[in-house]
Structure formats: C-alpha cells, structure tokens
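We call the chains A, B and C, going by the order they appear; numbering starts again at 1 in every chain.
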Amino acid sequence: MADPRFFTRSGPLSLAQVAEIAEAEIVGCERDPSHVMISDVAPLDSAGPGDLSFIDNRKYVEAFTKTNAGFVLVNTALVDRAPEGAVSLVTKAPYRGFALVSQALYEGGQPQQSEISDAAHIDASATIGEGCQIGPGAVIQAGARVGAGCVIEPNAVIGKNVEIGENTVVGATASLTHCVVGARVLIHPGARIGQRGFGFAMDPRGFVKVPQLGRVIIEDDVEIGANSTIDRGAGPDTVIGAGSMIDNLVQLGHNVRLGKGCVVVAQAGIAGSTQLRDVDAGSGVGGSPAMDQRTWLRQMAMLAKLTEMEKARKRGEEEKP
Amino acid sequence: MADPRFFTRSGPLSLAQVAEIAEAEIVGCERDPSHVMISDVAPLDSAGPGDLSFIDNRKYVEAFTKTNAGFVLVNTALVDRAPEGAVSLVTKAPYRGFALVSQALYEGGQPQQSEISDAAHIDASATIGEGCQIGPGAVIQAGARVGAGCVIEPNAVIGKNVEIGENTVVGATASLTHCVVGARVLIHPGARIGQRGFGFAMDPRGFVKVPQLGRVIIEDDVEIGANSTIDRGAGPDTVIGAGSMIDNLVQLGHNVRLGKGCVVVAQAGIAGSTQLRDVDAGSGVGGSPAMDQRTWLRQMAMLAKLTEMEKARKRGEEEKP
Amino acid sequence: MADPRFFTRSGPLSLAQVAEIAEAEIVGCERDPSHVMISDVAPLDSAGPGDLSFIDNRKYVEAFTKTNAGFVLVNTALVDRAPEGAVSLVTKAPYRGFALVSQALYEGGQPQQSEISDAAHIDASATIGEGCQIGPGAVIQAGARVGAGCVIEPNAVIGKNVEIGENTVVGATASLTHCVVGARVLIHPGARIGQRGFGFAMDPRGFVKVPQLGRVIIEDDVEIGANSTIDRGAGPDTVIGAGSMIDNLVQLGHNVRLGKGCVVVAQAGIAGSTQLRDVDAGSGVGGSPAMDQRTWLRQMAMLAKLTEMEKARKRGEEEKP
C-alpha cells in the first residue's frame, strides 16, 4: 500500500466500477460485482485479496499463477492461467486499465483547492485563472497568464508574458521564459524552458551571439521531465507536439520539432533543428551514428564474432610448436 | 517577425547603417542607402521585402534564388546567384553580419534600468554595483560582490564571497558558490557552479570525502548553458577560458581547464583534471573511446561493410541446395 | 593555499596529531613530533616546507622525488624514494590519510551555528531539529521533518511529509518530494528527488499515466550530485544504499535499487527497475550495449585493426598498375 504520508487514497471502488473504468469483462466472480469491493492496486507479487493487479507480458506468467491478488486485469490469451482465488478482468489493454483504476483510486478524490501563498511573488499585471495553487517563493512576472486550475510549485519562475493553459503543473524551481504552454501539461521540477539557444557566429575576432528570436510552443498533455532543457527557437519556434512524453535530463535544441505523442527517454539529446515525426510502426533506431536498430544489433554481433575469431586464431598460433 | 510579447525591436535601421554594422558592401541598390529602411531579420524562406536575410552555405542556394527577402548578406562566391528583387550585402562573414544586425535591431534599444526587487534577499555585507537588476527571490549572501550592470534573475543564489564582474547575467534559479566570475558572462537558468567535486578516498571501512579546496574561475565573455554543472577544483582551480561557449546539461569535473574560446556542446562531459587547449585547425574527434573523427567514420563504415558481407554470405549459404 | 574567502582553515596541527589522524608512522624526523607543526595540505608540485602532501600512485614518482613538501604520506613501497628534506608518514592508505587530515584542517574548526532565515518559508506543521541552518527562500512544506544539525540552503524545497535525518545538507534550489532521507546525506544544488517516474500505458487513444505510488529512500551517508534526478518508485520504492556516491547529472529511474557503497559517475543513467549490487572485485563494464570491459576494449581494437587492414588493402589496389 502506498505510504499515506505521500499519497491519498480516495476509498474503495466496487468491482463493477473497476470493470467499467478498465473497460474489462469480469470472469470468475459469482457475487454481485456492485457489492464486491477493491481497495488498492499492487504488483502481482505483493498484492493481497482486496487488491487489483495486472499481467500484460508472458514474462510474468509464473508470478501470475502464484499471485494472492483478489483481482487481476489480464488479456484473453492468459486468462486460463489465472490462479483459483482470483477474479479475472479480461481486456485487450491490461496495463492501460491498471493505470486508469490507479488514477481513480489515488487521484480522483482530490478536489483542487485554490491556494495562493502570501509568499509567492506575483506581478500585478499577471493574470491568474480560478482555482490555481501557487506555492511560496514562486515568481510570476509581468504580463504572464496562468490558466484556471494550474499548480505552480514553490520557487518556480514564470517569465514575462509567458502563457500557460488550464490545469498545467509547473514543478518546484522550474523556469519558463519566451514560451506558450498548453493545457494539462506536466512540467517536472528543475525543467528549463525557453532560454536562448546555442547560437553564435564563429569568428577569429571572437564568437558573435545570434539573438534567438523564436519561442517554445508546448502543446496540450505534454510531460517534461525533471531538469530537462528546451531552448527557444532561433527564429522559427521550438515545438513539442501534443501528448509527447519527455523524460528527465533531456536536451532539446533550438528549432526542434516533435510531432504528436513522441516519447523521448532520459538523457537523450535532440540537436538543434531536428524534426521528429511518425516512424513506421514498430521501427526503432540504435547506435552512434543512429541506424536501423536491427542493423545496429547485427553490427554489434558481427564485431563480437570477429573478436572471438581473432582470439581463437591467436590461441591457435600460440599452440603451434 | 519575433513575438512582440517576448522581444522588443528597437526600430528600423537604414541600409547604410546595416552595411556598416555588418561590414558589408552594398550591391544592386540604386537608391540612397541612407533612405532605404530595413525593419527586421528573417530566414531566407520566410523573409519579405523589408527584411534582411543571409546565406553562408551552398546547401541553401535554392532557397536563396527563390527568397523574397529585400536584402541578403552573401559572400562573393554566391553574389551572382542573388534573385532580382534583392539587394546584396557582400561580406566574407554573412552569418556574423546577420548576428550583429540582429543584435542592433533587438538588443540595441534596451537601456538597462536598475531594478532591485524588494523580494530579493541581499545580505547587508554584499556589494551590488550600479544599474543592476535583481529579481524577486534572488539570494545574495554575505560578502558577495556583484559588478555594475549585472542581471540576477529570480530565485538565483549567489553564495558567500562570490565575485561577479560587470554586465554578467545569472539565470533564474542558477546557483554559484566558491567562484570568481568575469564580465559579460551569461549563465543560463539552473546552472550549478562551484559545488564540491566528486572526490573521495575509497576504503573498505567506507569512502572518505576529500575536501575540495579550489574554486571555479570563469573568465570574461563565457556562456554557460541551462542546468550545466561545473565543480570547483580539488586544490587547483577549475578554469573556463575567456569567450568559451558551454551548452546545456554539460558536466565539467573538478580541476578541468578550458582554454580560450572552447565550444562544448550539450550533454558533453569533461572528466576531472582534463585540459582542453588548442587543437589543429579543422580537427575533430568522435566515437567512444574518442579517436580522430575520420578514423572513427572509417571504422563505422568498415563495420557496416563487414555486416553486409556476412549477410550476403549467409544468403549464399541458404540458397545452396 | 585555499582561498580564505571560501575556506576557513582551523589552525596548524602537530606532526604527531597528523600521524594519528592519518594512521601513519613517522619516518625521518629527528625532532619531537608534538612540536613540529603542519599548516596546510597541497599537491606534490605546489606544496612547501610547512605542507602535507601524499603519493599513492607510481605515476607521480618523479613529482615525489622533486617535491618541496615538508611532509608526505606515502606507502612502504615508495618510502625510499622520498626526497631528502621531507618527513615521510608511512601508511597503507596515503590518499585516505590525506583526506582525513584535510578534513581536520578545513572542516574541523567550524562549529555549527543554528540560523534560520526570516526569509525561509516554513510551514507551521513542519518539525525542525536543533541546530539547523535554513537559508532565505528555502521552503519547508506541511508535515516535513528535518533532523538536528541539517543545512537547508537557499531556495531549496522540502515537500510535504518528507523526512530528513540528522546532519544532512540539502543544496541550493534542490527539491525533495515523496522521500525519506537518512543522516549525513549530502544533496548538491539542483538535485531532484522523488518526482513521479516515467510511467504510462501506451495506447492508440493517447498515453495513460500510471500513478507512481512508491517513494525514494536514501540511506545514511549518501552523496547526490548537482542536478541529478532520482524518480520515486512506481509501487516498490527507489532505494539508494548507505554510503553510495552519485555524481552530477545522473538519472536514476523509478524502482532502481542501489546497494551499499555504489559509485555512479557523472551523466550515467540507470534505467527503471535496475538493481546494482556487488560485482566481482576489480570487474568493469564498457561499451553500448554494456559488456565486460576487456571484451569491449578487445572489440574496439579489432575494429581498428580491420580498418587499418582495409586501408592497406586499398592502398595495395591503387598501387597496382
């Protein structure tokens, strides 16, 4: 169970409610699902009789067959492996169902309370929407516009004329400048958005900085990881497409354009002016310089093989009289 | 045109002024260049008749021949490819000229106004030069000295006895300690300067921390990227040479010494005690471990070739009856 | 000598005291070691007659034979190479001894003074132990518990119900949430601890965020580098074992478990759910994907050799008539 000091659970849900949230079909329950209660979510190996778990990967079949979970989200292919005591909730997307039920149990019951700290520094010309939470030490500069229901955590800095949509969260000490941010965006602590890009003309007399005259546009439902950095454009804007997920310590250079739903893992860097758009379903890249992932794995295997051959050859030479 | 919410343009410049700033020669203008006005800067593909653009790379010749820009900075080799409607400004360094004119249009007209926020926390023993801007939540600790014309952005932290030269900018929530910083330095948000380096004696009884007794010295005209980290020296100082440009999320370990005008791209790391000095003009390195860039590219090509040969060999084997 | 603006030296130590601290045997001193004073520490090449230096690596033998240091920590194998003027302090662990003496000289004499800034924002329900130093702009939220003797630097943010052990330091603008931190932990500026991990269910209808219901547990005596990021667990906790040293800009994903005394160098990333435990003494890994370090170096050598062979072959072909 989640540590109640840090997480607030909103009360049990009935099996019927859980099945509806997860878009799943109940299998193996003889009682009225409106009267069977589910109190928590947990992984297969630690879940108990009142808990919901899930399996979406054959790798975990053994844990599944041994689980004490009272309820398990499972796809059709694995449902016959369910242990006796467990009620199956059959769905094509067990992990998605688990995510939605977890949200309902832990995030659903928290009504947003407007709370603007006296110790926040909000310029008189800034506009703050209804129901915002603004922490102590947060700075909101002249002309900035913060939409309704936003959370601006302590010591975050919102620069001049920055625009933020509804229900967006800006993490502790994050800084935003020269940017327009959509709704339901989640910006983690220490992220840096909109600072000038790395642009200068090289010259024997000394580098000459090129003013970076673009912005950062962050569309709706984006997540930006802790301490990630997104530079503003040099002229055109830097754009992060709707629903993109960016992990921690990621660098996005000036003029980068991510399409919708891009996923960028931790510590990845995307060089200035790169565009990420649709790739073929299931495709992937690897290596440095980047290449098709299978080609890269094949090259790595080749290298290993050659090295082994060379070792064998040397051993052969050494053994010769 | 740059978003006026974020950028202030200081008014048009005459063609004569622009030519002087860019150190360029005007070609193809029949009117008095003191009476021809240039209002903005823009890339070739979006520039209009009142705009200045530039070309310094043959890759963009096609965009150049089709541009609607009224004025283009161009070098001698490409000047005959200029489209009919455009006035050429011929110079050996078109990008440098573009940078200088952009600065004049967008940064020239902003007189520095002294403005020290009541919500900044400045120790009584700190010294603040004339004309500084200090944002709300900025902390300047005992004995620190901030030169004239500096900008200390909101929630930045200047540690005890830190010394900062004139016209330096410290970005939002950046932190400086145990360091001496020159003039006209630009430190981006979230940069970390002067914390103790990663120094400890390994011992089976537990690691023993080695006090890091050096400083960070940042010479004039350096730029340090967002969320980059520069540790102070273990004994000798960590030194960043004048005019060096350091991108975002860069790590410089204790005792690193960069010479003048070094460029360190995003997410690069330089291990403790490394010295970066002059390399042969035009040289470069790549790969891991680092090697001469051409050697590295040749090795990568070799690997690709071997892998293709192996694939062909396997196909051959499979086709055999 | 360390810059007195940034470092406070607590006064000279006698040779006898130094030998005791470093667990070393004095060789080559004819005077009473209680009356011979050592005033500072320094590297071999800059140390003078009143300074203590050390050598623990044959690489530096030449510097050792030429040093002007009055006192040198040295192991048995090298003691006969000591220069005439130097007193040897013979120990199996010269660097450890140097670390301990440096601590005594530079950190021993600073009694902790309780000092809670009026400009810190401390929630009335937070608990602050005795002798804490809390800087201006630091935010300590509801229910947080800070142990005795802690230092919370300016603009750091301690989240709701976070628990911190005794004598821990939280650097400027660092942020902590959903975590329990041990004693004597050193968290550098800008570190991000406890934010939600990178967890979501992929779905054609849009990614669904999975609530991250675990915590970060940081055991005693850990060091966490500047701008490093440690995500909280997805369900189980993320755990950093006692005495671990984590450098700058490191990423530790959700559910990562480090054992005791792990060392993670700058800019390393450890993917979610990875466990770091004991490895064989002296073992190491390299390359991408990671492999045994010797295998990796052998592969790199193989690649270099093949590339050279190919170059030679091509030259041979070109020379043919």
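Keep this in mind: a residue touches a chain if its C-beta (ideal position, glycine included) is under 8 Å from a C-beta of that chain, and two chains touch if they have at least 3 such contacts.
These numbers were taken from a predicted model, which means no experiment stands behind them.
Trainee: Can you check whether subunit B and subunit C touch via the same residue numbers (shared by over half) or via different ones?
Mentor: different
Trainee: So if I superpose subunit A on subunit C by CA, what angle comes out, to the nearest 5°?
Mentor: 120
Trainee: What is the distance in Å between the mean C-alpha positions of subunit B and subunit C?
Mentor: Centre-to-centre distance between subunit B and subunit C: 29 Å.
Trainee: Two or more other chains touching the same residue: where does that happen in subunit A?
Mentor: Within subunit A, residues 137, 155, 173, 190, 227, 249, 267, 288, 303, 306 contact more than one other chain.
Trainee: Give the list of subunit B residues in touch with subunit A in this complex.
Mentor: 2-3, 5-7, 41-43, 46, 93, 95-96, 98-100, 102-103, 106-107, 117, 119, 135-137, 153-155, 171-173, 188-190, 221, 223, 225-227, 243, 245, 247-249, 261, 265-267, 287-288, 300, 303-304, 306-307, 310-311
Trainee: Touching subunit C in the complex: which residues of subunit B?
Mentor: For subunit B paired with subunit C, touching residues are 121, 137, 139, 141, 143, 155, 157, 159-161, 173, 175, 177-178, 190, 192, 195-196, 198, 200-201, 203, 206-211, 213-215, 227, 229, 231, 235-236, 249, 251, 253, 267, 269, 271, 288-289, 295, 298-299, 302-303, 305-306.
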